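Mind looking over this structure? Questions follow.
By letter and in written order, the chains are A, B, C and D; residue numbering begins at 1 in each of them.
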């Protein structure tokens, strides 16, 4: 394992410090926490907080800024941050209008956020949680993980909150977005945890792992590596099953951490072509590293079924480190 | 159990978990994401570091402090679960400086309640609750039999091997989760074995 | 070798098609070429063209848009495009004000651009070329390669051109930027050409290659992998030798293709800390994949010595696929 | 050489380069970026594909067409160099349908001039010019001796092994470039060997 790092235990700290050092006018780190917030909050606005284990950079701290998150909470690599950290974030961004927590569907994240909500409630802060579970690779819907689709929910919810909408309204739109978002992934290589130094699973030279999550866990199927065209088809077949026909789409092609952009766009090309062949209208396409899994090579596809409301918030301006438009 | 014994228990547990760090992570590698040993080690190390600072706390406050430290430092799923368990014990032992007889059973059943609520889980789901729950039942009204308690923990841990995991990352595996002991059950077994060891040492 | 691709010979085409498909309102591909241009040119403006071999994505097509390039010319992987392609780009973006070509210092690129300039001249189009050579790893200054610093030159030059400046003026500022830009790189792994399938060099598990270029060529020194702090120091020591004292700086931390963002920021953190310890004023810091080398793991650091003029154009708005601000 | 012989020459060169594609790339791996074989193969394949379309061209126009095709399809450094060489030969042979005696030497010396200008290089820099230049000199005023020409090309190619490369990617290696034959010199040798082969076959 070769990584640009110092002490493996300090990799999250290094990331957070680096992010703030490179973006001082925009971001700050709350003292004694791994919480990143906007340096200046927009007044009288519902706070939008997300977070979870690290290793998914730029998620989530890279999405803190006008039009998206107010705060991001970073845990150890692949480990949910404790409730106390979520509470610090809630306290920091609440302006009396309440706080919405956008949480990927992992047991640990949900439990820590629920605890934080209870503590916040005791302080008179109203909070709501919306759980994101876009990964169709998991058949049991209750167990479905939140993966790259998360960033689309964050984008849309953040844009709405920026308009001064109420906590209730923001929650409604976040849930609607979750309901209309589906993703699935494929890995060409496993990832290696900095503190462990061993790949999270073994994969032969000609194999790929289908239906992986973002924590180095094994997928649902292993098979020979196929072409980009075939990977696009494989993932789309699963995802489209759960996307209403006719509705226009937003597409997110997400690199898992060490897949070069040239390959991401090759896959994007095949995906868009296949969607157009099926007469699907791809209104927006995003390609890049949005939700990674350390140094995993691979890709996820996300489709979001759009209506005018969601499309509008998706197109709204955003000024974060990693997503600007 | 008095405050000093509680601290002794926590110190021994921390040492035990650090010894078994890799074992716990390897177990978690099969069912989850392979970090349970690292998480528990980090959390209990923070507890032990705290013990010196928390010198003048009551037993109840100490348990609360341990709970919130575990939430904060273990993180993941185990953090809020262990944390809630300790906080609930702390709440149950308010004003009690020496845990005896019914206080044990009261404290443990509150802890079990807390885990079940926090984890939205019940026994048989193949989690650490399958150790905590039989342990709580092994505390009867009278003075605890530490051998019984230890063996209840052991059996509970062993039983998770045959269960289909219903909660946590292991649940993603469905039927394929059968055949693996739950890492949280194992760390809980170590916790209770060290409790028994501490208390038995005190009895001598 | 596992890559998301179809026919390895078609990877550049797949990239260009994907880029355009995902950004239809903004970009177009000139028919029968591998030239990407803005869909709508800003009238009465000097055209800014860059290009070179592929494998460095998002460079250069990802930088076509308002405030940066008018056209980008893509060759085969690591191979300069032919003069005819540069000519097509020149013809497409010339509006009578002339065209500036920003070229990384490679023999092939320079020769092809010179040929294209001669052909353009025959058609009455005035052109100028500015050669970028920021890589301090090469001691012979004439042989110095253009690497990640190229994108800073493109950004600044593009911003100035957007104001309607003359070809002469745009060339002056481009050259000034080149003179004040220095970079150096380190690789943790080699890259693998899609059509070759073999790593461009061998590197043992605990080794890194210092002073590499962006074409998979071997570096100037091979040594044991060290910490991020030590890598930052090593590169800065070389680069700072050629950066005037006192002047404020722009810093670019550039991932080489498969280095995760978390690691890029860890290195950024160490770099900024060390610069601040030396009392250097880091006015702007950019972190991400700006100029890659296929799937190479590694990083380059670039420093640009700023004056008010350059700082202004660096901060100016830009709207390309990959760089928006 | 008439148009038909020129076409024959190009076809044979293309076949030869495609046979030696990997060898040329391997040579380029040592001094450059390992793609010279791929580049030349791609370029000459495009030339051969073009030959059928360019049926009615004069020899001069054919050479120009070959040149621009090589610029476009070889790309890299070799593209503009080979391309310029062919375009300059085409220009020198304007109105000539059969290259003989002084036309050969005129065409080749224009090609050498073109390469030197385009590459800002001179003989001894360890590039393909070190083949083209002695070949041009081997064309005297009279009818060419194809054996002399072939051996001039061969010697020029061999000589690059001992040179410190001064131009192109190999120049980055400085003194370490000594001991490697220049790939562009090798592809040029094949080109002239096939020219000799073609012309000698025509003489019989």
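The rule is short, and it goes like this: a residue touches a chain if its C-beta (ideal position, glycine included) is under 8 Å from a C-beta of that chain, and two chains touch if they have at least 3 such contacts.
All of these numbers come straight from a predicted model, not from anything done at the bench.
Chain centres here are Cα means. That of subunit A falls 32 Å from that of subunit B. Centroid to centroid, with C-alpha atoms defining each point, subunit A and subunit C lie 29 Å apart.
A straight line joining the Cα centres of subunit B and subunit C is 55 Å long.
Not a single residue position of subunit B touches two or more of the other chains. The residues of subunit A never reach two or more other chains; the list is empty. Because contacts link the chains only in sequence, without closing, their graph is best described as a line.
All chain pairs that touch, listed by label, are A-B, A-C, C-D. For subunit C in complex with subunit D, the touching residues are 53, 75-76, 78-85, 106-108, 111-112, 114-115, 138, 140, 143, 145, 193, 195-196, 200, 213, 215-217. Put simply, subunit A touches subunit C in their complex at residues 2-6, 11-12, 14-15, 17-19, 21-23, 54-55, 57-58, 62, 188-189, 205-206, 208, 225, 227-229, 231, 251, 253, 257-270, 272-273, 285-287, 289, 292, 294-295, 297, 299, 324-325. By the touch rule above, subunit D contacts subunit C in their complex via residues 25, 32-35, 38-39, 42, 68, 71-81, 83-84, 118-119, 167-169, 171-172, 174.
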